[in-house]
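So, here come the structures, one by one.
Common to both upcoming complexes is chain A, partnered first by chain B, then by chain C.
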Partner chain A sequence: MGKYLLRRILQMIPVVIGTTLLIYALVFALPGDPVAAMFGDKPINQSVAAQIRSEYNLDKPFIVQYLIFLKNALTLNFGETFSHQPVIDVMGRAFPVTIKLAIMAFIFEAIFGVVFGIISGLKRGKWYDSVILVVSLLLISVPTFVFGFVLQYFVGVKWGLLPVTAGSNPGFFDLLMPASVLGSVSMAYIIRLTRSEVSSNMTEDYVRTARAKGMSSKSVTMRHILRNSMIPVVTYLGTDIGALMGGAMVTERIFNINGIGNTLYQGILRGEGPLVVSIVTVLVLVFVICNLVVDMLYAVLDPRIRYA
Partner chain B sequence: MQKSSKLTVIVAGLSAAVMSLSACGGSTGSTTSSSSDSTNSIINVYGCEPQNPLLPTNTNEVCGGNPIDLLFAKLVAFDDKGNAKNEVAKEIKPSDGNKKYTITLNDGWKFTDGTPVTASSFTKAWSYGANLTNAQLSTSFFQNIKGYSDLQKKGVDKKAQLSGLKVIDDKTFTVELNAASSVFPTMVGYTAFAPLPDSFFSNPKSFGQKPVGNGPYKFVSWTHNDSIKLVKNKDYKGVAPAQNGGITFKMYTDTEPAYADVQGGQLDVLEQIPPSALKTFEKDSTVQAYNKPGSVTRAFTFPSNLKHFSLDSKEGNLRRQAISMSINREQICDKVLNGTGTPAVDFISPVIPGYSASLKGNSVLKYNPTEAKKLWAEANKISAWSDSDTVEFSYNTDGGQKDIFDALVNQIKNTLGVKAETKPIPTFSEFRANITARKMNALFRTGWQADYPSAEDYLTPLYSSAAADGKGSNDGDYKNADFDALLTKAAGSSDEAAANKDYQAAEELLFKDLPSVPLYYENASGVAAQGVKNFKMNWKNLPVYQELTK
Partner chain C sequence: MTNNDTVANGAVKKESSTSPLLEVKHLDVEFTTDTGHAVKAVQDSSFTVYPGQWVAIVGESGSGKSTSAMSVLGLLPGTGKVTGGSIKLHGEELVGKSQKDYEKLRGTEMGLVPQDPMSNLNPVWRIGTQVKEALTANNMDVSREKRSSLSKSLSNAEVELKKSDDELFISSAEREGLLAAAKKALEAAHVARLDQKMENFSETWVAGSQTRWLVAQDLVKAGLDDDTAWGIAKEHVTGSSMDDRISGLLSEAGLPEASTRARQFPHEFSGGMRQRALIAIGLASRPDLLIADEPTSALDVTVQKKILDHLRTLTDSLGTAVLFITHDLGLAAERAQHIVVMYHGRVVESGPSLEVLQHPQHPYTKRLVNAAPSLASQRIISAKQRGEDADELDKLMEHHAKGEDILERGEHIITVDHLTREFKLPRKKEMFKAVDDVSFSVKRGTTLAIVGESGSGKSTVANMVLRLLQPTSGTVTYEGEDISTFQGAKLLDFRKHVQPVFQNPYGSLDPMYSIYRSIEEPLRIHKIGDRKSRIARVRELLDMVELPESVMGRYPNELSGGQRQRIAIARAMALDPDVIIADEAVSALDVLVQDEVLRLLNDLQAERGLSYLFITHDLAVVRQIADEVVVMQNGRLVEHATTDEVFDHPQMQYTRDLLDAIPGGKLQLGLD
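And then the complex of A and B:
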């Protein structure tokens, strides 16, 4: 187990270096010139532009820029944005907000998704199973931003139940609406996944055997059906943490949340290479770590799985 | 994770409690001294994260420019209509045919750190902005001041001063210009000409994060990606004092959530209308709407040597006029912009002194399909328009211009019966890069927001020969000696009305040559929450922040 863990952690190093290189190359390849864009429609003073380029190393060839970035990143200096803020400060402000949002969305989708999925799966064909199925289909097929705008208009503007936008330093109630919007699609998938797992496990031989041995219906459900049904659900949930953080861009724009998605969006528009690369690298790390945790959880849920 | 977040909540709660306690103490003190509640209220207005530190000479975009303009009082201030009034200046006296100005300052002006505003607060600030070593984005505004070119050499000492600025005494300085300019007393009202206190020069970097000014408001804090907070500056002596207790710029990355916040009462003022609300905002009962012609102009420009449209050929001239006349500007303003644009009839704007709707030759901006077809046919006689030729329009898709250009293309197809297409470019930065490198081979979107309210600021930067070939914003490389002569004449004129006559004569030349085709004036349109009083917008398409109360 320990050896396996170490190997997985060592594997992260090439993954991270590879992604930073790739993202840096992509940002570099973005057409347009961020320094020229700083001048807007106004005449560009070429000597001033040259001065700014050299300040941000933008006048150097791609690979030199990348190596400078990598060298500085090792000492936790991720560079500065064009408004002279250290990238690390920008991330330090944005990540906690997104993490809060993602955790709330995660709890939302995990609880509601699994509970509704189990109810649906155990009582297939009942009217509430049909209702749950239709609602989940609706959530999957309607794009997030439509759902977000509709909810924002009615709950926020019309009825005034929750704040319209979250703004900075958002609290629980500020994030309640955005988190449910963000988690809604995944919740619908989890409902469907749990439902099909539960209902297929119910017809398995070991469930019939357990019933024949005289186990109470409650312990058959809890110990045998649910435990086995949770393996794919946990996989889904695990990979979803990364997706929730990286995919919060749409939700963050609708509700004006100053998180990672919004920061990344602005960074791309303004051509801020170091900012974009640093954020994406952290997101990659989150993905990799979540995957590792999910793999570890398998062993807990299913004793047949062993890591050497 | 759980534990630490609980801890943060407790800490945050405690500090919030402490802050509200101290705020209580502060407010009881101030209520005794001031008269009514509404003059103390803080107004929340739409803002966005500045792209650069908050320095007057390094800010050329609205996110940083709007707060900076409230923080610094310049030599002159503009009223809502765009008329310049002396503010810090007592007098700006021209001599030597508008080539030299003697500027006297009013007494008693102070920066919010208590230091006085003197002549050298201006001269040192301008020299800093002009100096290449400081790499300021607004450098080119100082190019007409003598000594500018000396400060453009690589490696120039960062303390080097503009030789054309001379301090006579604490309250007087003179400015020598390279070329006569009658517009100089108006130009010095632009952001880049703000004075700076001595504390700036010792540490520009930290100043950029917490600026110290002399304007109607005083800087409190800048929380990145969140807000910029300003409060009323009690020592301000200028022409537009704050009627409210302060302004907080709440930052957004998009106007959609800001609009929803105005509807819900979480934001007081938004000076833009998101596309989704264009049709409804004037009828929306949850907000107060404002919608009047503004100072931003929208046009498209022809690359100077585009095939069939070249500037120096008879054929190009005919075709440019035909294109302009086949566009139904009323229809675009009505149907596409839902009334948030006003059809253009000149090259400046209705809110700028010098505007006229009756210039000779402006009929070229009127929809006239018969005449357009006739001119196009005439051009065909000079050089045939083959089936493989297409009228192409290029624009950047991140600016929300798609519908307008789709409409343009359709109108041209319908009127002239030729192939027409759009060539969208994803980002503004790529779009501008292509224009700057003169790699555009299609008609391209242009627009202009004046920096100071003068006809000169629309004509010189966009159409003078001195601004062509990449030296300015004359993207179509239009060169006309007669036009330049009129601008020079206006610049040497001592009387504003006479100068405007010359600018109008210059515009009439533009109608003949049509280097670019004006489309519409973007309206100053915005919304305010219910309960906000005195909401109106100025010549710069911005709310008059000082007068807002609630």
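And then the complex of A and C:
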């Protein structure tokens, strides 16, 4: 187990280097000159432009820029934005908001996804199973932004039940609607996954054996059907944490939340290499660590899995 | 064992005059299809089980035997429903009972030992936990034995019994003290052969399984006076804990080192061990009726024999009646006192075992008796030898010509010489020898069978002969040439002439390929013929394996196991091979289907001069198909002789064990 963990952690190094390099190259390849864009409508002063370029190392070849970034990043110096704010401060402001949002979305999708999925799976073919199935299909097929705007209009604007936008320092109620929008698609997938797991586990031979032992149907359901059904669901939930944080971009735009998604969006628009790459690197780390935790959890949930 | 037998026989005689334990009358069971049609799975079936009796229901798959058993338990799958008749347990009607009421009966009144040990234990719970569930679900008192009503009535009659405290189990904590006290008392009484007696005690006094009065009885038998014996037993046997009881149950079911094993997970168990755990679960709450649904059909014959012997001893000593479901008439006749034969959902015959076996009345029973692999005594005679072929003489001439040809090309088509294969085991330095110095050769136009239990290395040999696996040392020669030297076109040619048929007809056909595509694939790979001629060839092949042309457009999941295995054979025959390597090719099939497939293989051999390397664990099948037999054990070749010799004069003890393990091997048949 220890050996396996060490190997997995070592494997993370090339993954992080590879992804940052790729993102850096993509930002570098973006059309347009970010320095020229900073002057806006004013004529470009060549000497000032050159100064800015050398300040942000934009005059150096791509690979040198990347290596400088990497070297600084190792000492947690992610550089500055074009407005002379340290990138680490910007991330420090944006990440807590997104983390809050992602955790709320996660709790939302985990609870409702699993509960509806179990009901659906146990009562397959009944009317509420059909209703749940149709709703989950709708959530999967309608794009998040459509669902977000519709909810925003009715719940926020028309009925005034919840705040329309979240603002700068959002609280629980400010994030309630964005979080449910963010978690809705995953919730629909979890419903479907749980449902199919539950209904296929119900017909397993060991469930029949358990019933033949004289166990009550309640404990058969809890100990044999649900326990086994949760293995893939937990796996899915684990990997979804990373996806929620990265996927917050659309939701954060709709509800005007100053989280990671919004900051990343602004950074891409302005062609700010260090900012974009820094944020993406952190997201990649979250992804990779979530995956590792899920793999570890898998062995706890399923005794057949052993690491070598 | 003999003691138990007499108890059981006594029980049967005594109880048969009294009321039946289970009485099924005119049972009808229906399943509803997706389109709303009702399919009758069981119709008008009746059978009766008396306390302590073994009753076998025999029939092929789909005959309704499992369905009948499951309706007794109230565990019919899916849309299954009892639509008529009655099921009475202890005279109480079960049909129409709610699931809640059934929950009270299951476990305590009726237990189940299911068919497939691989899928019947939940992979995520420890074995001990799953045994514990059976105990807690029925609120079993784990500190003392619960006797079945039969066993109670017997012991009341024969031994003066018993305050309920006398049924307390030894606990693991007290066991050492008990043994020490017993030793001291025996020493004081100057009993002879003390060591041997102590050894017996430590073997039989299993915590959680042996009761106080049995301990006292043992001590009295060993030579202590009644008072001392009971004194020791009362002082040191005061009831077991849950963990003791779990390991006690597991060791009763024949699992060694039960307390360690209880902490393991199902995947760490072999099939036989899992089946033992399932037996422990089925008997945990001491039911009066145990339903054993093909409890050993997924296991090797030798394991099968051990487990059934054990189950027999155990149920006899507990006074449990067993409803034994099987497709093997030989097995049924050997194990049960009473046989019920089912066919297409109906009971077609029922009676005492020997009666049914020796004087079968119904034509289906006669067929079953004929087909039972364990009862067949001779190699199948091919269609040609049966004289069904019209151009017998012509063919015979042809055969002669072929014979001369054969002489020129050498007698042995495949020779295996000092073949060894080693595997690396995880976390172990030394290599594991899966195949150890095996040599034999297959004569042209004959069948050589490799027999052995699972793990004996027989499939590894097959894979090396097919060149799917490289030997560590030794050679395989085909037509006198070392197959490891084959490359390119030569290898393709070898692949064309040596074809495999694998065990699992479900797994060896691609579910996404139509039957036509599956059979045509080898022709396409070897670039034989054009589209039109290939269609003609596939037609011909289907005809050869006696399947209608119409199956060409169908998919594997629409065919039965036997039909799929025929398809696999047709595919193997597509390239006109010289040699067919059949790896457990009929093991997964029903006896009747198995019989048909074996006949087909036999006829093909006679027609085409094919050579077979036939790998199987079932000696009964060997007798039907093989000319020569190679017996393997732990990777080594232990015996090599002609089939008749092996069956009539087995040289090695291991071969004799295998022969003894064939169910019903010693039964006498009287066919009309």
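Basically, the second predicted complex is superposed on the first by the 307 of 308 C-alpha atoms of A that agree within 3 Å, B and C clash if a C-alpha of one lies under 4 Å from a C-alpha of the other, contacts with A are read in each partner's own complex, and residues count from 1 in each chain.
As a working rule, a contact is a pair of C-beta atoms (placed from the backbone, for glycine too) under 8 Å apart; a residue touches a chain by one contact, two chains touch by 3 or more.
Remember, predicted model here, so these are calculated numbers, not experimental data.
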Touched partner set for A:L138, first chain B, second chain C, both or neither = neither
Ask   = Given the touch rule stated above, what does A:N228 touch, chain B (first), chain C (second), both, or neither?
value = second
Inquiry  = Output check: A:I9 vs chain B and chain C. Expected answer is one of first, second, both, neither. What do you get?
reply    = neither
Task = For A:D302, decide between first (touching chain B), second (touching chain C), both and neither.
result = second
Inquiry  = With both complexes overlaid on chain A, does A:S217 touch chain B (first), chain C (second), both or neither?
reply    = second
Message = According to the stated criteria, A:V150 is in contact with first (chain B), second (chain C), both, or neither; which is it?
response = neither
Request  = Please tell me which partner, chain B or chain C, touches more residues of chain A.
outcome  = B
Request  = Pick one for A:T209: touches chain B only (first), chain C only (second), both, or neither.
outcome  = second
Task = Name, in rising order, each residue of chain B that touches chain A in their complex.
result = 5, 49-53, 60-61, 132-133, 135-140, 152, 154, 205, 208-209, 223-227, 250-254, 256-258, 260-261, 263-264, 266, 286, 398, 426-433, 436, 446-449, 461, 467, 470-473
Task = Write out the stretch or stretches of chain C touching chain A in their complex.
result = 73, 75, 77-78, 99, 103-108, 110-112, 114, 116, 119-126, 133-134, 137-138, 265, 267, 278, 281-282, 284-285, 426
Query = In their shared complex, at which residues does chain A touch chain B?
reply = 30-34, 36-45, 47-48, 51-52, 55, 82-85, 89-90, 93-94, 100, 149, 152-153, 156-157, 160, 163-165, 167-169, 253-256, 258, 262-263, 265-266, 269-271
Chain C-touching residues of chain A, taken from the complex the two chains share = 203-206, 208-217, 219, 223-224, 227-228, 231, 301-304, 308
